[in-house]
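As written, the chains take the letters A, B, C and D, and residue 1 is the first residue of each chain.
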Amino acid sequence: MRDKVRVGIIGATGYTGYELLRILRRHPAAEIGFCTSESYAGQRYREVFACPYDYPLIAVEEAPLGEVDVVFLCLPHGVSAPVARRTLEAGARAIDLSADFRLRDPAAYERWYGHKHEAPELLPVAVYGLPELYRERIRGAQLVANPGCYPTSVILGLWPLVRDGALERKTIIVDSKSGVSGAGRGASLKTHFVEVNENFAPYSVGYSHRHVSEMEQELNASGTGPYELTFSPHLLPVNRGILSTMYVWLREDWSAQRVRECYEGFYANEPFVEVLPLGQLASLAHVANTNRCVISISPVRAGHYIICSAIDNLVKGASGQAVQNMNLMLGFEERLGLEY
Amino acid sequence: MRDKVRVGIIGATGYTGYELLRILRRHPAAEIGFCTSESYAGQRYREVFACPYDYPLIAVEEAPLGEVDVVFLCLPHGVSAPVARRTLEAGARAIDLSADFRLRDPAAYERWYGHKHEAPELLPVAVYGLPELYRERIRGAQLVANPGCYPTSVILGLWPLVRDGALERKTIIVDSKSGVSGAGRGASLKTHFVEVNENFAPYSVGYSHRHVSEMEQELNASGTGPYELTFSPHLLPVNRGILSTMYVWLREDWSAQRVRECYEGFYANEPFVEVLPLGQLASLAHVANTNRCVISISPVRAGHYIICSAIDNLVKGASGQAVQNMNLMLGFEERLGLEY
Amino acid sequence: MRDKVRVGIIGATGYTGYELLRILRRHPAAEIGFCTSESYAGQRYREVFACPYDYPLIAVEEAPLGEVDVVFLCLPHGVSAPVARRTLEAGARAIDLSADFRLRDPAAYERWYGHKHEAPELLPVAVYGLPELYRERIRGAQLVANPGCYPTSVILGLWPLVRDGALERKTIIVDSKSGVSGAGRGASLKTHFVEVNENFAPYSVGYSHRHVSEMEQELNASGTGPYELTFSPHLLPVNRGILSTMYVWLREDWSAQRVRECYEGFYANEPFVEVLPLGQLASLAHVANTNRCVISISPVRAGHYIICSAIDNLVKGASGQAVQNMNLMLGFEERLGLEY
Amino acid sequence: MRDKVRVGIIGATGYTGYELLRILRRHPAAEIGFCTSESYAGQRYREVFACPYDYPLIAVEEAPLGEVDVVFLCLPHGVSAPVARRTLEAGARAIDLSADFRLRDPAAYERWYGHKHEAPELLPVAVYGLPELYRERIRGAQLVANPGCYPTSVILGLWPLVRDGALERKTIIVDSKSGVSGAGRGASLKTHFVEVNENFAPYSVGYSHRHVSEMEQELNASGTGPYELTFSPHLLPVNRGILSTMYVWLREDWSAQRVRECYEGFYANEPFVEVLPLGQLASLAHVANTNRCVISISPVRAGHYIICSAIDNLVKGASGQAVQNMNLMLGFEERLGLEY
């Protein structure tokens, strides 16, 4: 039997880092090489989270990038790109969970993120890590840009229709709701329990959330657009999960039957995407703690449909998808360690 | 000083009944005449809720309708109408919190509610109890149909634009989210804590929820329609509150400035409606435990706007609005007992 | 009719300050004179909380202490005492919600709070503001030390037995559970939504929480002690409320009947304390958003009883009790503005 | 490689059944033979829970007991015992998650459960399935009585001290708090979201909860008792988890050091029990979704300690422990399928 692959986690003490560790510890073919933390370097992992994981936390500068096969980068955008470069230089593969390599156009990156890209030379080699769209390219990649949480739910929910050019109107209304772990583990008034609990609030509505750029890039890559997105994220008083309710208007010749066949055909062999039977609606309960994306289709009236798409933002929306990408990059069975 | 008015509550042991009692006990001009309960007749109120309210619970048949000035009806639709008739016959005013008198057209009622109307002769005298639209008629009414919770949030959120005929497209997307008390106090798997907590789910999406009929009736009463609503309710893991996120497309000559003036003008003197300044977004925290409706306006792109409207479903969406209607019917100051 | 009293709130932008404002705005005999805020001076109140309260926020140094009748101090311990002194010098009454004047012994204060008392000369004139124990002294007080939240629930729950010297063992086990608002509005990992939600955790158990000092002082003031407290606070994933479950061992001649009579007799005329009938158990639902303390008594076996005591930590445990104290100090009816 | 063992689940559509299925599907050596359901027989599993598990649900009478190796019984007490008998007669091993075989004395069973035992002849062969106490006996068992959730947390939290006879006083105060899944999936007002959320309440306090019998049996089996338990369960507004806060008084010669060594020694090789270092306190976050029991020890004063013990009521408190027992009974590695 072959040795296990060694993986390193950069930025292991945020929620995505913790989730990665939980998944990778159960992964039968991976073992943890190192964990870094900016805030807790010098401590043990189990001092930072209420868990028994007893890894030392080191500073990112001390990470032995060359001694592992894969490095997961759970860093803020801007900070991540240079570490990705060093990772590749050290000969390891990099899976970047930040936004740094998601946008192929550095000008778009600068526009949406407010600063110049830190490693534009790597953009051409980065692969957008949504396996349902780019599986083959991911298999050969050295650098994968793990998609954002909202974009994962939205792109998977719309892709079959977009790919087939089914939309009559290019306007798509996306009303998304996310659990609080999506906001990160940093302390702030916005994530204070009393401010969030028993509350529900929209934020950055319309066309201002950075994830819009990623959704547009991918939907427009279909060649059937350009699409005009209206995106309204809301903060849900739950720990994890994203539900996106999407409103689309299709061409006349798209019957409800054809819509179903379009989705079911496209996702027929996908291990982590499920299209619910007519009459059932996607919910967070369908996906919590799994790497699944569950999609429901509701006809409203001729040509008008509501698509609901649910994921766990920490799993399929971040760390689970990252491991799915790792499995592809390393030639493992795609489901390995991600069974539900 | 005049004597207090006496009020009776029919169906006092649901969540709207409990909320009514909480409000009315603090109301300086009202006193409780009787409380009925189908499930708990013969017990005391304090045995049914964790509260110190020590009223006897009687069967509805025993309610001395003629000994009170106002009767609040918190009954299921179909059951409510005959009791409303008896209330009027007994000489009291009736405020009906069920759906029985909200639709002016008995055929529409039968279509949406699945059975014949039980008191169609009263429909012409019933007034739809949304004070911001029908204040003068409510003042003289003997029978008020208290609006539904979702319709209150949606109609108040759209009315200024609809009244002024600002919509270019007659299609309106309404994505609503409601707390669990809106589902009533009856035990069911759908309201089981474990099924709702850490979950979030759409239900009855598209054009199937009964409240659509009420929204359409009122929006179309503007004469600027007809409007085509797509309505998606979702169940939020909170006790109370509704937030409706609405997507509209306006005529070219409606600038953001004009939209604001339209709302601010219409609601300028309303005691319970607030239009937030640009850049702020309505949330449940704005309205919890108050009789307020808080509205925010977000421009997306030319002609396209997101309107968010928040209410507490048990207060402005039910019992608070019922007391507001009582205040109007009896000539009290409209805010009496509803200060926040 | 007399003019309203004017009140000032020092530190108005924490949770107790917000709760005070909510109560005082509905109080028929009070009006807001000023609100201070360390963090938000220069802004308006409505910019800090999702509410319509439109007060200017000023720095504490600019507060016109002499132009109001009563000043509520919602400041951290240590910071509060000097402002209390200035308040009294300016001729206003002070109700201090910090811990600064709760302990009568400055040495005890120094031991538990880790620094010297800032205004020891005022300790002899401060009255511990628990109306059920010190009503008459509060009526004449210029400076009231509003009790801590845990001590309010514990002292009210034990006092009748302690006063009558009913305890065989001087050991009392107090297992308390508090909502998150008790931890204040400052952002920290401990109050991050994801850390608290779906979690439940003890903290500072045994004999280390500062509120132990206050409980011991008051229970021992009965002359029937000294008592030995074991106090275990826990953090509950709710916004508000404290439930204390207390275990006591009584002398042989204390039958269940006598225990009940002891509590019912002592609290017979108390407007805000309720002793539940046998078989019912106190819960947060009994007290949420009210100034009530609800107590239940459960016999376990001969001489051994469980006393449960519930309050809303922001109301009876802080701001409601402060207003109750204000009512007493100013000769108002004690319930004024605190009806439930 | 040997074939997988086949398992059947009787009563698969409650929360423990669902959790069993989740664990067993990931178990590398088990496969699902059948699932029964009283309420949903004839439907598919995925119609009952928001999950992709596509098993047919059959009536218990139709379960092919003889075609599986192990049967998990997730039935109410009283109903379970006869099915256990049939399971053994069919040649399969039985792991009973009900209370039917936990008490060795049928008279005690009748006293606490209010009806005669339905299969008293099996009591002598049933083994109490707490591996930390009875590992060897479980290995050879045909019938295992899976412990109750509260008893698991309490017995594991107290056992080292009890075994060594460390307690000076035989009185033990146990203040437990449980998530709502412990109350089952049946719809009732007590588990209605609005009644539980933002609430916290004790129930069955003192000496009345049925699980007391189980705790006493096991603690007294040490021979160092008899112990006198005071047990206060409370309902927490979370889905899963139990935290028990326990108050004990030890003999003089039990220093804090000796207490630690007692626990650390006893649990040194236990795969699922962790004793936290001094200063850390057990919480639900330590154990959620794992088969772990986490214990903390807090000295209060000479001889007086607070022991906190946390488990996930659905995993170590039910289905995880059942699989741990299965692993032992079938000679698998004890951790198999239960890694965290």
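We take it that a contact is a pair of C-beta atoms (placed from the backbone, for glycine too) under 8 Å apart; a residue touches a chain by one contact, two chains touch by 3 or more.
Bear in mind that the values here come from a model prediction, so they are computed numbers and not experimental data.
Graph distance from chain A to chain D, where chains that touch are one step apart, equals 1.
Remark: among chain pairs B-C and C-D, C-D carries the greater number of C-beta contacts. Among the other chains, D has the CA centre that is most remote from the centre of chain B. Comparing the contact residues of chain A and chain B by number shows a mostly shared set, over half of all numbers used being common to the two copies. The centroid of the Cα atoms in chain B and the matching centroid in chain D are 46 Å apart. Distance between chain C and chain D, defined via averaged C-alpha coordinates, is recorded as 39 Å.
The mean-CA centres of chain B and chain C are about 37 angstrom from one another, to the nearest whole unit. Under the contact definition stated at the top, the residues of chain C that touch 2 or more other chains are 195, 197-198, 237-239, 283, 285.
Those residues of chain B that touch chain C in the complex are listed here as 22, 25-26, 49-52, 198, 274, 283, 285-286, 289, 292, 339-340.
Across the complex, chain A is touched by residues 15, 180-181, 185, 187-189, 191-198, 237-239 of chain C. Against chain A, in their complex, chain B makes its touches with residues 173, 175, 177, 195, 197-203, 205-207, 228, 230, 232, 234, 236-241, 243, 245, 247, 281-285, 288, 296, 298-301, 304, 306, 308.
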